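This is the structure I have questions about; it appears just below.
Each chain gets a letter, A, B, C, D and E, in the order it is written, and its residues are counted from 1.
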Amino acid sequence: MSVSAFAGSAVPGPARITVGTLHYRELNRRLKAMVDAGVEQIELRGVFGQRYIGTNLRAPVRLTVYGTPGNDLGAFMDGPSIEVFGNAQDGLGNTMNSGRIVVHGDAGDLLGMSMRGGEIYVRGNVGYRCAIHMKEYEDMRPTVVVGGTAADFFGEYMAGGRVVLLGLHLPPGAAHPGSFMGTGMHGGVIYVRGRVDRARLGTGVAVREMTDEDWPFVRQCVHEYVRLFGCGTAGAPGADAGRRGTAAGEAGSPAPSGKKILSAEEILNSPFVVLCPQALRPFAALYAART
Amino acid sequence: MAQRFSAKYVIIGGSVAAVGAIEALRAEDPGSPLALVTEDRVSPYSRPLISHYLTGERDLDGIRYRPPDFYSRLGVKTFLQTRATRIHFPDHCVHAEGPAGEAYEITYEKLLLATGSRPARPPIQGLEAQGVFSFTSLEDAEAIRAFLPRVKAVVVIGGGLIGLQAAEALSNLGRQVVVVEFQPRILSPVLDAVASGYVEQAFAAHGVRILTSAAAQRVLVDSAGSVAGVALKDGQVLPCQMVIVAAGVTPRTELAGAGFAPAPAPGAPRAIGVDERMQVQADLQASGGAAVYAAGDAALGPDLLSGAARPLPIWPNAYLQGRVAGLNMAGRPTRFRGGLSMNSSHFFGLPVVSAGLFDVPEGADPQEWEVLTLSADGTPPAAARPGHAPRVGTSSSFAVRPGARPGRAAARSGAGPGHPQVPVASGAGPFYRKIILRHGRIVGLVAVGAGIDRAGVLVGAMANGVDCSRCKEDLLRNPGIAAFPEQVAAAMRTGRFGSHWWMAGDREER
Amino acid sequence: MKSFVLNDFIVERDDRRCIRCQVCVRQCSFEVHRYDAELDQVLADEEKCVGCQRCATFCPTHALTIRSSPREFRANANWRPELLMDIKRQAESGGVLLTGMGNDKPFRVYFDHLLLNASQVTNPSLDPLREPMEVRTYLGAKPARLRYENGRITGDMPPQIQLETPIMFSAMSYGAITYNAQLALMQAAQELGTLCNTGEGGWHPDFRKFRDHVTVQVASGRFGIDQDYLNQAAMVEIKIGQGAKPGIGGHLPGEKVTPLVARTRMIPAGTDAISPAPQHDIYSIEDLSALIYALKEATGYEKPVAVKIAAVHNAAAIASGIVRAGADVVVIDGVRGGTGAAPKAIRDHVGIPAELALAAVDRRLRQEGIRNRASLVVAGGIRCSADVFKALALGADAVYIGTAALVAMGCTLCQQCYTGKCAWGITSARPDLAKRLNPDIATRRVVNLVRAWTREIKEMLGGMGINAVESLRENRLQLRAVGLEDWEMDVLGVKGAGM
Amino acid sequence: MKDLERAANPFGDDKILANCGIFGMMNCDGRRSGGQDIIKAMANMHDRGNGLGGGYAAYGIYPEHAEDYCLHIMFESEDARRHAEEFLHHWFQVALTEPIPTRRVAGVLQVPLLWRYFVRVPSLEAGGRPGADAGPSAGGAQPHEAPGAAGTGSEGAGGVSRPDADDYVVARVMEINTTVDGAFVFSSGRNMGVFKGVGHAEDIGEFYRLDEYDAYLWTGHSRFPTNTQAWWGGAHPFSILDWTVVHNGELSSYGANRAFLEMYGYYCSMHTDTEVLAYAVDLLMRRHQLPVQAMAAVLAAPLWQDIDRMPPQERQNHTLLRQVYGGLLMNGPFAIVVAHGGEMVGLRDRIGLRPLVAAVRGSTLYLASEEAPIRLVAPELDAVWQARGGVPVVGSLERGILEGSQPVPTSGLDRGQVARAVGMH
Amino acid sequence: MKRVYVDPDVCMGCGLCEVYCLTQHSRSLDILKAYRQEKPRPVARIRVERHGNTAFGFQCRQCSEPLCVYACVSGATFLDDHGQVAFDESRCIGCWTCVLACPYGAIARDDARERVARCDLCGDPQGDGLPACVRNCPNEALSVREEAV
């Protein structure tokens, strides 16, 4: 571990930490100290599974992470902006309040669970139970944009927020493979590009067509996705990210070679569907009238 | 020069038969020109309600039979206060005269004679005196009302429905009323003796004298030419200032001409003979190919029970005939299977109904006929004493206390098997129900008071010829369709059977 | 003889609320209420009241309250009023006391002494509303193992019944219950994807259309049984005994053998229909095996054959014998099982609770290594979803409900089934009473009940972090006992709470 | 009979609960490598354990004794060792006896006596053929299938068939573990060994000097039990013969699984979830000879709603498996790495409640609770993906790397192809 | 024609339809007040017929050839614009002709008010509102349906 740049006052250019196998408590303590000292940009190199990065930083600091950050990246996060070059593990953005997380790779289970604000962009696929129980409150309305697809229970009992699932890596005509997408949702909205197998949906979720009111948001998300990741590829971010996010933390080429590059407009030209709640109280009839 | 008009359909007359025809015509043929010639000055009103108009209980609007815009809404060209004077059948032309003496010539393709009837004039002297009125039209009622201020006592000649309605209305207006009835009992053409007795009782209770087996001979006239009293044949003199003549009605057949108006039976009035489509018989040679129909009091239609042609001057019958005529005129072939004598009235709150026969005919074969009665066990009316009412064949009667609420027997029976419920009056009052059966089928009904409840079930059974031999006692005690054989009851529950008995045609099979 | 029997019930009528509509008069099949015109009052003959609550339920102004009569004598913990009344009834009649429905005596209900587990921290509870919760169950013998050949899994698989909920409707014959009641159960079984049992009263032709959801019974009376009866059903059940009256037969008197009942049972109308106490071709276990295989032959080995026994002292050994005799399903009917008619003495004193028998049978079959060779169904006193749940944890594959289904339809356990006067149209003999049960409403009510229970089962499964019912079956670790003796916990195979 | 349950489960809990980190790595080309990588990986997941248990399984470490069963036994005392060795000499031909090499590590305390024995199954003797009581339990239950039901196998040492020899060894191991006081066999396979104890996983690895062994397949486990009592025998991996299981999660279906296994003669002496997992795998794969996909389809069965939509043959397979082996559905959160000679299988529960990451580099398959420890030992990966619930990820000496029933190409691979080929549909 | 149908197989003749019909046609819409306070007592439009084991609640059949309409002397009973039999009770004079005409006995007399009481489908013949009898039938023997006859 070495700190190559550290300053108590604002210094142009990012501060840098090469993390290695440093314990997360120590790492997060140092990050906090740097932010408290006014550092606004920090680059983390060689990250190997350190948990809770960004959790304790209540400031608009920008973190750039190379490697594989540990579970609960940005959990309860309120303010920072994190960009990960590599894959993220489980619990990314858990109960996040505000800020932004961008992952140039895949992410694991539970991404954005109970998230109340802020935004998450994932270039590749995400795991089980992502965007589960997302919320919104007053003017806080979280956003999750996933370039690939999601495992089961995506957006389960969502209560608010907006989620975009782009399905960029699905074979042509294939449906999204995850079951129980949006099951029990009673708020929020899920935009899905590509086919949704309705038989795999759970209870409480309705499928409808896109309307004029839906497009501006989706359009904005897709443009931002393409801006962030350079392209909307039909390729495989996971492996790329893996190559890029080596232990040395050296950034690789932003665009994978040999893959068809889709423009934002090409992405938007594909059919989208909208998953939304059938009712705000999907299980209202569940209980006996007199008990 | 006469003003000329032309319409596909022309109707003469503006009462219920005409309304039935218009409503049928317009349901089938909303567009073709339709003209109506009537002596009435207003849109159709309800003649049976003129007693209510007389008493002031209802104004003109209150007795309208259809809304004031009835004619215009249905696109009927009307000639009000216009009298058809002549029909030139070969030219298909009705000649008429308007209120100001203007002349009309109205040609038609199809013509309906719904001319109705006029009050009969009994052979009594002095009927031209001031204060002598008939009581069948709005104008009659208006005239009586205008004359009333001078009147303390009224003699009503005729104890039929019209006479009694007049008597009740005038009594309610505080006049002393005496009804003079030629027959031994009032309402003898429509009620049996028991029911007549109940009605007499009701009138007596309200201070109206009814003299039966009495004949008015002469209207006494004072010096001013006004009514002063009525002298009866037996010499009795009834002082009064007004006389209502209500001795029946006569069909108006003059437009049709004698050739179309045969006398159906000895003593019965002439009326216009029609076939089962309400088309005037022998019309083809006389009318030059155009169809002429007749309906209502003026027509001589078939009687459902006997099949014989006979005039049936009752309101529902007129509507039905008018409806059948209208359907046929509009091109929907429909047969009129016959009218049913059906009378419902109420005097001083006492309902009295009859349908079909009210007594077994003289000399009937006791093997074929059966009479069942059910009555309250209070004091029978004088006329209803045992022996007074003819009884033929087996007869049962069931007694119910007047004024009793549904009793123990009924309550205990529940809906369980074998416990028919005994119906009773809903409150105090007379109760009487009688059914006459022939070959197990109901051919006659008389009921008084709460006995009339659900009488329609019995009338329906009568009209539809339902074999009631196994359910007659249930029907008598508790008229209901549950008493019928299950097949009949099931058909009636779904409305597939019951109300089409008077007609046959494609409508029936709908 | 002057009767010394006191009223069971008191009819309280709030005259301020009575509108004399006489709905009560018409609804009481025991002729308690009557309207008196002279008094203009509805009166009651309380002697006849059985406490079925039909009148109170239907009174549109809630003017009626039916209360138990205190029948107070000098207090005696031993000679309870019920016993006194029974003695007087018998002294006056010399007869055996008959009754309906299940044992009403306060024997320990083991279900009520078992509590369930739930996930905390170390494993997650699952959300049954949104996540899959599988309660599908297959009844039938399972082979000990499967084999793998060329991409195919194979095994000698005996016939299986697929249930979409582990709750079935137990045997109630047409005759014991009305046409409408049986129709409702069959419709409900179809809608729910489960089975309804004909009982031994034959299988009405109108009901053959429910064949995939019908278990037919072969009992001592052998009524209505022919090739079609056996082959059209989903499952065949041999009834050896019934929890409410182990060792006792039945008797449908000739007057109840109407033409329709006669047609269903395939006997002449008006003749007595006798179900002997034993099956006279089964005097031993090898005879049972003979009958099982006779039925399998008759059905081409395509239907599971169940054997139902009353829960008795040595149920475990008997069940083992039944499995070895070739049964695919063993049904254990506990002492609280219902009946249309049984001698009261038998109903209240013969048999053992279903929970104990079930636990003993399951354990024995497992110890003998033959648990897979038969499914286990428990019946008799399943009152709520928790009972079902606990029964599964004790080792049952599925349960039968009878009384609960009837209660869903309206039954209030007045125990008058045998009189034919059921005011709720469930066991009524009179046609005017029978039509009180609208089969479509009854179906809905029963379906609702089972759906609600199934949901509750899913809730409980989810709470345990389990999403398939097979992970509950025999999972006695999910049960803990409170208030039981050591021997009882041993039989049940559960630990005390806190252990 | 000694009370193994008391040693394993001193508080008498229904089952011991543990949350954990797991790791597995296999060179599918058979190349062997030292234990330093897995120790490093386990150290990276330090926080997934609590120092109350760690362990490893290593395959291919005893090539010079490849045909001998190697029993790793821990003893409470020399007395126990003497009794056990008497037992071994009575029932086996013992080829080699030696202490298991260890080094002192600060965090590893209360070390029992640790010995290993290379043994052979003797040929038929008067007492009947070996394995006649092949039910793995000494409890006397009678499994309803014939003993030695594992089907045909290769001939083992001494002319005894491999299945019979396996059953024989299982029976003897059960016997030692349930009757010989103070002795516990924690490894009994051929050309493999289990190394486990109380301590942090990386410390246990150091303690057993795993860096000195070369294996083509390594699995590791870092344990976080809920109770503070720790017993060396209770650590993972759990094993029978050369079958080992490392497990993360808890089986809520444990009671049902245990009851089902009792039917087949398995006596669950240790009251841990992992024990039933090991027995279930043994029953399904060794005794019933079902392929790994079938094993996965039992342990993490597809939902009925998915089965109902499968093509007929597949539907029938799955339906039969659930009907017959429903009691072995491992319900609740779990991720496991199961290994036996020549094969490593990763499997996570059917609704993805516990994580399992798979990665490929060349011909090496990695399985772990997190991606980071994989990256630590293999920074450059051809592919890395999250295993899908119920879909086994298999590394095999014979068949290479497979996910589900599909082979995973191991060169020029990228994640997208993997997702399309196997993982996400 | 929209009308109330009865399934006699499940009508048990309890009479609750009459009770609720009466209440629905009361001023207070309260069952106790309707029965115990209102004078004159309102009249039920439906009537339960009982005979042996048969029972059924029964009211206006909405005949395609409605004799009650044709027989009505005052015009109080008429066909509305939808062809449904309608009744303007203010025009009724209590002549009872329709009572005599209705073959089903479906028209009751409200004697005290001198007018008939007949089913009006609870004032919602064109809407979806359930008539009180249908809504309150405890055995769902009654249903309201639109069917050609």
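As a convention for this text, contacts are C-beta pairs under 8 Å (C-beta built on N, C-alpha and C of every residue); 3 or more make two chains touch, one makes a residue touch a chain.
Predicted model only: the values in this text are computed from it and were never measured.
Counting steps between touching chains, the shortest path from chain A to chain E takes 2.
Set against the C-alpha centre of chain C, every other chain centre is closer than that of B. Chain C has the C-alpha centroid lying closest to the overall centroid of all protein C-alpha atoms shown.
Of the two interfaces, C-D and A-C, the higher number of touching C-beta pairs belongs to C-D. When chain centres are set by their Cα atoms, the one at the greatest distance from chain A is B.
Inter-chain centre distance (chain D to chain E, centres taken as mean C-alpha positions): 79 Å.
If you average the Cα atoms of chain B and of chain C, the two centres end up 67 Å apart. Inter-chain spacing, taken between the CA centroids of chain C and chain E, is 43 Å. Distance between chain A and chain D, defined via averaged C-alpha coordinates, is recorded as 36 Å. Each of the following residues of chain E touches two or more other chains: 12-13, 52-53, 55. Residues of chain C found to touch two or more other chains are 22, 26, 131-132, 432.
Among all residues of chain A, those that touch two or more other chains are 153.
Those residues of chain A that touch chain C in the complex are listed here as 153, 156-157, 180, 183-184, 202-204, 282-283, 286, 288. The touching residues of chain D, when paired with chain C in their complex, are 12, 14-15, 17, 19, 141-145, 149, 226, 249-260, 262-265, 287-291, 294, 301, 303-305, 313, 316-317, 320-327, 329, 331-333, 351, 353. Residues of chain C that touch chain A in their complex: 127, 129-132, 452, 455.
Chain contact summary for the complex, chain B toward chain E: residues 20, 46-49, 52, 58, 62-66, 315-316, 319-320, 323, 342-346, 349, 351, 353, 355, 415, 417-418, 420-421, 426-427, 450, 452-457, 459-461, 463-464, 474, 479-483, 486, 489-490, 492-496, 498-503, 507-508, 510. Considering their complex, residues 119, 122-124, 126, 131-132, 134, 136, 138, 140, 142-148, 151-155, 157, 160, 366-373, 393, 395, 464-468, 470-478, 495, 499 of chain C touch chain D.
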